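Next, two complexes with chain A in common: one pairs it with chain B, the other with chain C.
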Partner chain A sequence: MAMSIKLNNISYSYESDTPLEYQALHQISLEIDDGSYTAIVGHTGSGKSTLLQHFNGLLKPSEGYLSVNGLKIDKDTKNRDLNALRKDVGFIFQFPESQLFEETVIKDIAFAPKNFGMSDQQANEVAKKAAKMVGLSESLFEKSPFELSGGQMRRVAIAGIIAMQPKILILDEPTAGLDPIGRKQIMDLFYKLHQEYKMTIILVTHQMNDVADYADHVIVLEDGKKIADTTPRELFKNKQWIVKHHLSLPQAMEFAFELQAKGINFEKMPLTLSELVDELEKRGIQHE
Partner chain B sequence: MDNKIISIENLKFQYPNQDNVILNDISFDIFKGEWIALIGHNGSGKSTLARLIDGLLKPLSGEIIVDNINLNYDTLWDVRAKIAMVFQNPDNQFVGADVMSDIAFGLENRGIPREEMIVRVNEALKLVNMEKFAEHDPSHLSGGQKQRVAIASAIALEPEIIILDEATSMLDPEGRIELINLINKLRKEKNFTVISITHDIDEATLADRVLVLNDGEIITQGSPAEVFYNINEMNTLGLDIPYPQKIANELKKRGYKVPNKYLTRSELIDWLCQLN
Partner chain C sequence: MNKLLLGRYLNGNSLIHRMDPRSKLMMSFYFICIIFLANNYITYAILLLLALCGIVLSKIKISFFFKGIIPLIWLILFTVALQVFFTPGGHVIWSYGPLTLSKAGIVNGVYVFFRFVLIIVMSTLLTLTTAPLEIADAVEALIKPLRYLKVPVHEIALMLSIALRFVPTLMDETVKIMNAQKSRGVNFGEGSIISRIKAVIPILIPLFVSAFNRAEDLAVAMEARGYRGGDGRTKFRVMKWHLRDTGLIITFIIITILLLIFRNY
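What follows is the complex of A and B.
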């Protein structure tokens, strides 16, 4: 069954009906297709995390409604009606390792599947499978998650989500604080889940390189409003618009624009490092 | 530049009941007013080093001297009074019910008079562009906004040394540059010292000096240009490198001839422009 997400004019306010009421989202409509890889970008405080928390019903819109997998959510939706949804929509928060608590790695990963009704044995099996999917070696299974490095702890937390076999994976800056190698491994892992297991991925990020390298759909938020909804190539083509909205370009494109300003022409503006080097190759660089 | 603010001698650290040595016989000096970028992969010992300097952890052996005070049990609080630390995940250090009282907390702790406290809190909030949020609950802020508040708390203390442990990792690129520039400007005005633990290579290239930790040892240090040349030569380290170097490496990998030295961005552009 297709797991698309549709938002119809949703608004959200924090601390409603208090003097501190703060409207974080303004009338947002959008659609996220089943099997897509969507990046959500925007400044600190633009409403990205608030928006994400609507996708699995952690927050309910103050106005408007959304539907996830055909289930309609509005301000009156009851939490008990969201149980099935919460299993289908896996949510990886910033610093997910802060949610680890069990004695061993494998118990931690098996916790959620058990919670959703699997037997111990079943839960153990899916936990092992999930651990392998995120690249945790078997020698770590019986260790305490708190003995592991930051990167490994994050893998454990991610495995705990994947073990529930979600159809949609929501990632809120999933690599903050990881070193470049750890970052790339985790991002490649999500891409693999997207390619091989057909998971729908929704990624909140400040890294325009990740938007260029992985996403096929990008949504830009500014002050709680949607200001763009397009493909990465279309978005980044318009440099003036990017500058005007204080966003940045993927490094490849930024470099290409700098070269262009010096009179070097590109047949196609490159989005990624490898596209950039493809273009540079045409410039008659000598072979060794 | 020759007055030392921090001096580390033969520092060793390992956690109790664990075999692996986190820091292995490290020695180096940091000078007053310097901006140091401390880089290395996760688990290389960067955060441990920062915590040792602030006396949050106790070394196995070796000496830490901060502003001529030898750090030990008796001098701990004198040393901490000189240092403001900003951790990666601000949730771990929020205590106030609203943003303003959170920043005030550190000042209260140091016995700053109320009138001055109010001035400093407001000034710090304004500097990081968070004055609109003074009365908000910090837990309702976004990740990047929380990091701004955490940095404001450090600035308000007017410390001798600011240690940033991945303190801008959740900010958008523009906000990150803005805050780094702000701290840099304040550093020059007030002559404090900055130690920044970072994975952001663009930020590291702005430092006066880059120190690279690997498996508990300083394996190279120097100006950003020197260090990034060395890192590229030791590509086994798995550290990020500046983008121009990535382009050069990719061209080399595809069999093309590129200058065999560290190229800055403009050097690489010039080189590409003079072809054909």
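What follows is the complex of A and C.
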């Protein structure tokens, strides 16, 4: 079944019908294809988190409607109908370790699968599998999640969502506060899920390198409005536009622009580090 | 979750906003006392006028004050009904068993209604125009004399302001954790009582853990910056008594005199 997400003119207001009403999203329409890797970027307060919470029905649009997996959600949709949707849409929040509560690591990872109807034994199996995928060693399985280090807790929380075997995975700055090695491992894991299991991935990030390295579709939000909806290559090509909207370029592209200013011309602006190396090698520039 | 009016403060720069929190807090309590002096149309009219002046001077939309009344409307209506049907005396208009509807009863009911509304409006006026930390400062200043009775005034005030400070933080945290657990398939407010109670555990445990972590961080941060209790401690927010505060108290004295004159009118 197609798992695409379609948004049709969605607006969302917090505390609507009170004098404190605040409109966080303004008439957003967009489409996220099945099996794509979409990055959503924008400054703090641009409405990214509000938008994400629509994708699994935590928020319902004040105006407009969206359809996820063929289920139409508008302001009158019943909460009961949304529970089935949440099985297919995994949501990894910012600092997800704050959702841990069970006695042991494995029990916590098995919590969501059990909620969505798996038997204890099945849930235990998928939990163990997910724990191994995120790189938790078996000796930790029976420990309390509160005894672990911050990085390990993050992995437990992420495994808890992966164990649901969702078809769409929503990531809200999943690597904030992790060390560089942990960051890379986690981001590579998500990419592997995308490649091997054809999971649709929606990533909110401030790291333009991640956008360049992993995403095939990028959406830019500003003040609750969609201001770009394109591919990373198209987005970063236009340096003036990036500067005007106070975004930054991926490192490789930034470097390439600097080289260009010094007289080295590129046929195709390199987006990632490996593309940059390839382009430079073509010109016979070897690193020493 | 955000329907709670407790501590809901609206930033502003009106005359009422700028008043000293001590005078506002004292006069809010005083108002609740003198409201019992009112016993006829004129005296209630005086108090209504006072409340109206307060609302106008605060420059806050009147709809906010109605929002404060709505959660208590059933309590008010119940009390009013008791007054209306069980006040003896006066001309009986209608009766059924122990219930009698008399003119005195209706008048009493109307008075009780206005008494409730006035008290709510005045306390809402206090919380809308005074930041929670200002109220905590005012409480500290007003209970200061108790330190001669060996009451730990500073510690009580510190606990109060920390508690007030963390109400919104913990509410945000609760919403966040609820969202995370909903995404993991927890259904709140559905199913049997037992499953509903079970659904609370995945919220309460993370909430406690994060509250304890926060408390520890806060304690470390305070000690790192040399906090060691209230002795000789100066204030960042210094409260200043202005002419307008004296004016507020004089207004209340005049109102009290007017009430005393007109209640026997």
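Note that in this section the second predicted complex is superposed on the first by the 281 of 288 C-alpha atoms of A that agree within 3 Å, B and C clash if a C-alpha of one lies under 4 Å from a C-alpha of the other, contacts with A are read in each partner's own complex, and residues count from 1 in each chain.
Criterion: a residue touches a chain if its C-beta (ideal position, glycine included) is under 8 Å from a C-beta of that chain, and two chains touch if they have at least 3 such contacts.
Keep in mind that what you see is a predicted model, and the values were worked out from it rather than measured.
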Combined model on chain A where chain B meets chain C, clash or fit: clash
Which superposed partner A:29 touches (first chain B, second chain C, both, neither): neither
A:259 touches, of chain B and chain C: first, second, both or neither? first
Contacts of A:238 with chain B and chain C, given as first, second, both or neither: neither
Touched partner set for A:195, first chain B, second chain C, both or neither: neither
Touched partner set for A:80, first chain B, second chain C, both or neither: second
First, second, both or neither for A:98, with chain B first and chain C second: both
Residue contacts with chain A in the superposition, chain B compared against chain C: B
Touching partner for A:15 - first (chain B), second (chain C), both, neither: both
Which of chain B and chain C A:119 touches, first, second, both or neither: neither
From 79-87, 187-195 or 205-213, the chain B stretch with C-alpha clashes against chain C: 79-87
Doubly contacted chain A residues - partners chain C and chain B: 15, 98
Chain C residues touching chain A - in the complex, by the definition given at the top: 2, 61, 63-64, 67, 173, 176-177, 179-187, 190, 201-202, 205-206, 209-210
Contact footprint of chain A on chain B as seen in their complex: 40-43, 88-89, 91, 135-137, 140-145, 148, 166, 169-176, 199, 238-240, 243-244, 246-247, 250-252, 254-258, 265, 269, 272-273, 275-276
Contact footprint of chain C on chain A as seen in their complex: 15, 18-19, 53, 56, 58, 80, 83, 86-87, 89-91, 93, 96, 98-101, 111-112, 115-116, 146, 160-161, 164
Contacting residues of chain A [partner chain B, same complex]: 14-15, 20, 22, 42-45, 48-49, 94-95, 98, 149-151, 173, 176-183, 206, 208, 246-248, 251, 255, 258-259, 262-264, 273-274, 276-277, 280-281, 283-288
